[in-house]
Each structure stands twice: as structure tokens, then as C-alpha cells.
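Look at the two complexes coming up: chain A is in both, with chain B in one and chain C in the other.
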Partner chain A sequence: MSVSASSLPRALSALPAMARVGFAEAVAYRAEMLIWILSTSMPLVMMPLWLAVTRGGPVQGMSSSDVVAYFLATFIARQLTSCWVSWQINWEVRQGTLAMRLLRPIPPIFAFMVEHVTALPIRLVIAMPLTVTLLVVLAGDKLPHTLALWALTLLSLAGAWTLTFFVQVAIGALSLFLQSSIRVMDVWFAGYMVFSGYLIPLRMFPTWVRDVIDWLPFRYQIGVPVELMTSAHALPEALGLVARQWGFALLALTVAWLVWRRGVARFSAYGG
Partner chain B sequence: MRRYARLFAVQVRASALLAMQYRVDFVIDGMLSAFSAGVALIPLFVVFTHRTSIEGWTFGEALVVTGWFTLLQGVLEGAINPSLTTVVDHIRKGTLDFVLLKPADAQFMVSTARFLPWRAMSIVTALGIFVLAFVRLGRLPSLTGVLLSLAMLVAAIALLYSLWILTVSAAFYVVKIDNLTFLFGSIFDFARWPSSLFRGVVGFVFTFILPLALMTTYPAEALLGRLRLSTFLGSLVAAVGFVTFARLVWKSSIRRYTSASS
Partner chain C sequence: MITVRDLAKHYRVHERAPGMANALRSLFHRKYKTVRAVDGVSFEIGAGERVGFLGPNGAGKTTTLKVLSGLLHPTGGEVRVDGHIPQTRERAFLEKITLVMGQKQQLIWDLPPAETFELNRAIYGVSPADFRETISELTTLLELEELVKKPTRELSLGERMKCELAAALVHRPRVLFLDEPTIGLDVSMQVVIRDFIKRYNERWNATLILTSHYMDDVAALCPRVIVIDKGKLSFDGSLTDLVQRIRPEKRVVLRFDRAVSASEVEMFGKVVERTELSATLQVAQDAVREAVSGALARLPVADLTVESPPLEEVMSELFARSRSEREASA
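This part shows the complex of A and B:
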């Protein structure tokens, strides 16, 4: 990601072509996309489980209709923030195809970003219509009421995407030092499953655990946008959360940049 | 039969030798297994801090299900996953021909190609969870319960293996399989919960189509001494059925593969 002054304009001028390629690729592999969507549909399976818990009455202030809204929103946020760059980097390092990417005049991380973003439309076309309709029909009253909260929701979705992407770049780039960082990603993913709000709404945790979770990055990967989407916070609180989220995102970006730069230097050392 | 037993021993020895080369993995796998088991318990704790019993399952009883889940996950990651991932590589690179040319059954050869013995650590973790569960329940499992649950374990492994064979057979039709294995992993993850927590469509799918209930919930019920005999017999029949079905699908996929390459 050594974006020097000359490579950035060049990368930007290649953007339309890269976007077209990325989109065409996503269309070509739409069957796989369907499988990916299925494997990220865990929130929809967790919904009946939490409905069983809340059947006897609200738990921690969450009623059955809150559970429905929460997990529909989680599914939507998961589709919007899906990321696989860590596995991609690992694969390219192992197969050696990363060398080809480094030779191109486009910074690889930028290329990965474009690939991820251009895969979104197809994904949304497959996954969104039904779930968004369900969310609006079943829980329309839980959606944000003011324009400011809507704006913050969108901003936090972008923040979640950025944070997730650069965390994965950082972990993926570790493969340049460790040969494979899939295991590191597994550990991260295990933490994400439990502490992000993906499968367990965070307010179900005892207070002291939630205090710890506030200082872990996982909640900002999906929990915060979902909470904002379901109006769990008033404006001042929401502002604070989004600010903290972007703080984490910038931290991840910095770490990713450092690890990647040092790793790539080692990688070229192998070749030369 | 004798020949296959000898072949099996050779394959296992090769994997064991390979594993001895990476002894650090033993420590890492052990730690990872304990770590993921610990993390896996957290949702259970969270759910049961709010309710003492959900759909007829208390915390201790649900722990038994988690124990079976941990055990089966170890089997899946240590004995089933590694071999069958190599098949996928073979299919992609076209080297499956070499396996098919060998004078032994291809399904047997690919299924025993690779083991990760260090993953057996999760058996220890699972036993720990069982101890914890029965301490909480304040009683011991009955002898018939243990025997029935061991029979169910065999059925569960057979099922898991057949499901994997079916997934891998799909690799002959779909180009990239990585996401299929990922899908399989995330679906299997739901087996950590007692199946009666899932109702409606999801519950139906997990009982009859992708029988997760049979893999963890029924063995747990057997160990708790409350599995109905009809469910037990039905599970055995289902396991045999799945194995047969997977074998047929594998055979027809192999036929398709050879005809495609020639």
C-alpha cells in the first residue's frame, strides 16, 4: 500500500475499469455469492433461539419484536460489511500470486478494496429486497426517526466496513511473516462471534462484561450500526459511539499499513 | 477387508509422522481447542443468566449438548476436514486422476488421506465439559445411557462424514469449494444448541434435512437417560440411509469426473 504521489492518480484513473471487472466477476460467480450469503445468514437462525428466550416476556428490555428487528438489522449489516480479504491475502501469499499483484501499477490494497466494493451490488440484489421489506413491515417503528440518526447509521456502516477491512488486511499481512495467518483470523473470528453482537445482542451481557466489550473492537464491527439502525441510542450517545468506532477504524488502518509495508518488503526479499 | 485395514494403518502412520514434525502445533491446537471451547460456552452462560430453563433444557443439560458438539467438532476438524480438503485440491488441480488410478477404492483413499492427530485434544476438552455438566446436574449418567450415547456417537460420526462426502461431491459441479466448506462449518455451528430451541422451518431443516439434532442433541439426551427408543432406532436407520446415499452420490460424481476429463 505504498501509495506514492504518482501512483494515486494512476490508481484513480484505472478505477472505472477495475470497477467494471469487479462487477463482472461478481456477476459471473453469482452462485457462489448465494452460498456466501447463506453462510452469513446466522443471525436469521439465531432469531428463533432468542425468541425462545424472550417468549416468557422481555429480557433486559428486549421484547420479541425487538429481537426480530435486531436480527434482521444484523443480517443486513453483515451483508454490507462482508469481507474476505484476509483469506485472499493468505491464499495469494501461499500461491505466490501476490508477486503479480505487486508488479501491477495499482496498489494491491486499493485493488482489494475495489473488488470488495464492486461485489456489493450483486450481493445486495440477492439478499436485500426480502430482508429490508421484512424489517420495514415488521419493525418499521424501530428504525431511526430523525435525519441525523439516519446519517449516523450510514456513517457507522461505513465505519464498520473500514474497520473490518483493515483488521483483515492487518491479519492477512501477518501471513507474510508467519506463512499462514488463517489461525489468527480464526481466533479473531471467534471473538467477533461472541463479542460483536452478531449472535448475542450485547445488552444481554452483564454490565461489567459490557464495559469490557466497549473497549474491544468487535462491537464496532457490527453491533454499533445495528444498534443505531434499531434506534437503541439517542443522538449524543450515538455520536460518541460513532466517533469511537472511527477511532478504531483509523487505528486498524495504521496497523494494517505498517504490517503490510514491512511484510511486502520481506516478500520481495524472498523473490530477490 | 484385511487389505483395507492395513492400508488404513499406513495412511494413519503417514499422518502421524507428519504431525510429529510439527510438534508446536500440539501446543497451539491444544490452546486453540480450549480457547474455542471456552468462547463457545459464553453464549450458553448469557442465555441461562436470564432463564433457568429454555424449552425444557436447564443449563447443565444444555452443557451436555455443548460437550457433544466440542467432541464432534474435534472429529470433524481432525479426521474428516483435512482429508476431504485435499480432495478439493485434487479436483481443482486435476491430480485426482492419480488417486483414481490406484488399485483401491477411491472414496476410501481420499477419506483417509490426512489426519490431524493433535486435534484429538478436543476430546479432552469435551470430557471436561461433560464433568462440569454432570457436577452441575448433581448426578452420574447411567450405564445404559453411556452405552446408548456411544452408539449414537458412531451414528453421528457416520452422518457427519456422509454430509461431508456430499459436500465434496458438490465440488465436481461447483468450481470453488472453499465457500461450501465454510457454509458447512457455519451450519454445523448451530449443533451446539439443543435442537428443540429451533422451531418452525429451521427446526424442521435441522432435524430431517441436515440432521444436526441427531449429531449432538440426541446423544446428549441418551447420556441424560431420556432418549426415546423410537428416536434411537430412527437415528440409526437415518445414519445408515445417509451413508448409503452419500456413497451413491460419490459414485455418480466420480463417473462424471472421468467422463469430463477424457
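This part shows the complex of A and C:
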């Protein structure tokens, strides 16, 4: 039995210690965390730009108050769903420190996952209070009105994080085949910037482009949770979107697992 | 405990000459060459043995260690460590081994080493009672008390290495793979690490494989050495036998009360080093007694010692011989 299958119970029992150490590490890196938050604040930059566009009246049905709600929600979703595991894997492969991770009797992907989840609380403490207050005060009427829609919003945030994490693991694990997979991540990130709703609300695109975007994973990384957070969909439609999102997450998990497994088998940091 | 049969690990490496034209050419037509990092190595190591892996840079020592610890999948051959096939990285296998690499660290950089110890305790499923006992023992032996609460980034290289060793031993592994564990450390710290490793081996009957460029590490720790050169095994036996085979001569080191000329000392052996007040002679083993008694009788000897040739010299001669044998066969 491989380490992945046989060591999951051990990994789960180690979870509290891993989470505690992960949190302590995130706190130790608080300056980097602050910079990270600033680097993910593009929605707050985009908001005044789109407000200027919508000053003359709604564009594609989007009013100024919709813009405020949308980009505050985007900022919140970005803080809750972003991770950097792709860069981390690339770094560890190049430095050879992935070896130390592979020697431990817990699945390495699980360890990465715990490290990234435990970095969330400190980010929430730093970034959330002001943004959430602004969202409630300035656009409270746009928030979901039913418990079911709130539940789906939370589920879609979890789905967005899961999808993002496994996409990044898959791309990061490509560095076990290529000299570096950072460029692949750059290409993915370019697609994310344009087609996820991060910088441009998706309703601004022509219908045929939106039809294509529906079948790409980017929208499910941030657009869907933002749309749900701003009550853009009724319950049946929201259910369908979340189901599709988790389908993409499952697909990303499968691809990540396959690439990782094959990559680790050919891990070849020879010499020192 | 460890069985290796015809182990091979080959890498396919992209090769190109420097320059813009070659860079462009390599976009369309890539040349690869196969590096035979390990090529048909076989050996067996029993439980509790301490074995030194020796070889020049790029000989295949670290690659062999990485295969044994399950990090690399071999291209060919068979490897068993305590009944496990390393590359399957079963949990039971990973719980029995540890790999310490002098140039890589597992300590979390911005947190005190105590956090990594605790993390390893949880990951390896060590009971709190065993953990307390192990940590207390490691803390005493390695004098870690003042170190474990400081952030790792604030520790010196030697302090970090002591903590690395402790982190690697929290789960009391039965097999230790040590890759240059004393690299960059000062002499006194090297001695501390060596003593500790030896004690651990004796206390837990742990099997130990060590690679090091410091011959003192090998001499102090490893009764048996395996020499690998260009991926092939060129010697497997005791350190004494290796020295005997490569440099059977002894060194007679003399210090004099007054100045002595070269012609006066040359008659007792080959002069390796000489000043007016000292001389080092290389003497065949069966002629040592005669050389020593002759020197004592005819020279103003203040001090005399008989030594084996330095291991560094033995190794460099061994590698030089391997190179010339290869060139001759090519």
C-alpha cells in the first residue's frame, strides 16, 4: 500500500498539531501575509474604474451599487479562495526540499492542504472586518436572503478553494516533469484574470463568450461564489452552478493526483 | 537489514553547448545523454552496522542514499530495506527510517525547533510519554535546552544541525541515512555530532549509512566502508583493509633536538616532508621496526610517532587509480 492510502488515518490524527503549527507559521509570516493581501486587492482597484463606467446608468444591467457589491464580494472571495501551492511546489522541487516532505509518513498533498487552510484565519482577521462591514453597510440588500442561498454561498466558497488548490497542485506537480511550471501557472492565471470575473464582471461579456466561459473552470474559482454572495441567482440555478463547480473540483483533484503520482515516481533531484 | 542487488539509476539529461545559436537549435533539436549515476551496485548491510559511503563528487553516493530512502525510483535492480521496497514508501517503512541531509532542512525556518519536534511527534504517531523521554534524552545529549525555543532562523549552522538531528530522530528510526551531516561545521561541532550518532547507533542498534567528505567522520564512525566511483562499487570492506590495500606503508614522524640533514634521514625511508627539526618518512610496514630502531639509535630524536597515512591521501589515490583503470580500459 502506498503512503497516500495507508497513512490517511495517521494524517487525520496529526491534523490538530499540523493545524496549530500551520497557524503559528502563518502568524510568523504576518508581514508577507499583509503584502499578499495587498497583492490580491485588485478588486478594490477595479471598483472605481467600473463605477466610472456605470456612472451614466446601468451597463449590461449592472448599476453602481451592483458594482460596489460585486467588487467587495470579489475581494472577500479572493481572500478566502486564493492559495500559492503551485509556487510552493515549484520552489520545493527546485530546492530539493520536497524530499523532506516525501519522507514523512503522511500524504504530502494533505500536508500542503492543511498548511494553506490554516493560513486562512490570520488573513480573515486582517482583511475581513472592514470589507465585510462595508459590504453589509453599502450593499446589504444584495446579500442572500435565505438560509439555503447562504449555505450554497459557503459551499461555493469551499468549492472555489478546493478547485483552485487542486488546479495549482496539478500545475505545480508539472515541475516534476518540466524544468519549472511557473510559466504554465502564469498562463492559467492570465485566463483566471480575464474569465473568472475577478477583474471583469462576467455579465459584461457578450452572450456567446459567456457560454464558453460556463464550460471553463475559471468562473468557478471566484465568479460563482461572488454571484451567489450578491444574489445573482435563484436557488435552482445556484444549485446547478455549485454542482458544476464541485464537478470541476473533483476533476481537478483527479488530474492533480495523477500528475503528482507520476511526477513523484520520476522525481530526479540527483546529487546533493 | 539492507539488501541491494545490481542497483542502477540512470538519468536522461538535456545537453547543449553554450551560445545563442545553440540555444535556438536546442528549441528544435534536443540532444540528450544518459547519466549512469548508479550502475550495477550490490551490497548487504546488517542490522546495527555503521557503514560509510565514500566516493568523489558525482560518484553516486547521494543517489544511492535517496534510492534506499525511497525518494528515487531505481532504473534497475532490487532494493530491500528491512523487508520493504523503498520506492513504494509504505508508512511502516517511512516510520523506520530517517534521512538527514546536511544541505537540506526539515526545521520550519521561522518557528522554534520545538514546533518541528511536536509536528513530527504527531505525524509519526509517537505517544506523548515516548516523545517526552526521547526529547529529554536528545536535549541532554545534544545540549539543546537553550536552542529549541529560539526561531530556527536565529540558530547557527551547528546549532541547526543538532536540532535537525533531533527532529529526524523523534520517532526513533531504526535506519539512519546521513548525507554529509557535518558539512560546514567547525571541528568541535563535528565531534559532538559524531559522538551523538555513535551513541544513538549503540543505544538503539540502529543501522547507519553515512556519506561524508570529512574522512574523520568516516574514521570515527564507520568500521566498514563502501566506495562508489562513477556509479560503480570499487571497494566494500573494513576501513583498515582499504588503507592496507591502497597505502600499505606507515608514516614515521620524527622530531629532532637539533638540525638534521636530508641525507641523514633518507636512509630510514622515503621522505614525505622535512624541515631541519622534523621529518615524516614513508616506510613499508614490515620495515617499520627496523626504521624506528635505526632512527632512535642514530638520530637526535626528541619525539617519534608511527601513523597510518592520512585517509584523504588514501582516498585520492584510490580515485586516481580507478580513473586510470577506466581510461586504460577505454
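A few remarks follow.
Just so we're on the same page, the second predicted complex is superposed on the first by the 262 of 272 C-alpha atoms of A that agree within 3 Å, B and C clash if a C-alpha of one lies under 4 Å from a C-alpha of the other, contacts with A are read in each partner's own complex, and residues count from 1 in each chain.
We adopt the following convention: contacts are C-beta pairs under 8 Å (C-beta built on N, C-alpha and C of every residue); 3 or more make two chains touch, one makes a residue touch a chain.
Keep in mind the model is a prediction, meaning the values are calculated, not measured.
Looking at the shared chain after the overlay, A:L178 reaches neither chain B nor chain C.
Contacts of A:D186 after superposition: chain B is touched, whereas chain C is not reached. Contact with chain B, but none with chain C, is seen for A:S39 once the two complexes are overlaid on the shared chain. Applying the stated contact rule after C-alpha superposition, one finds that A:P16 touches chain C and leaves chain B untouched. Shared-chain residue A:G96: touches chain C; no touch with chain B.
In the superposed model, A:L235 makes contact with neither chain B nor chain C.
Residue overlap on chain A between its contacts with chain B in one complex and with chain C in the other: 29. Across the complex, chain B meets chain A through its residues 28, 32, 35-36, 39, 42-43, 46-47, 49-51, 54-55, 174, 176, 178-180, 182-183, 185-187, 189-190, 193, 197-200, 202-203.
If you check the complex, the residues on chain A that touch chain B are 29, 31-32, 35-36, 38-40, 42, 45, 48-49, 52-53, 56, 59-60, 87, 183, 186-187, 190-191, 193-194, 199-200, 204-206. Across the complex, chain C is touched by residues 1-3, 6-7, 10-11, 13-14, 16-18, 21, 24-25, 28-29, 95-97, 99-100, 102-106, 265-268, 270-272 of chain A.
Residues of chain C that touch chain A in their complex: 9, 11, 35, 37, 58, 62-63, 66, 69-73, 87-91, 94-95, 97-99, 101, 103-106, 108, 110-111, 115-116, 118-125, 151, 179-180.
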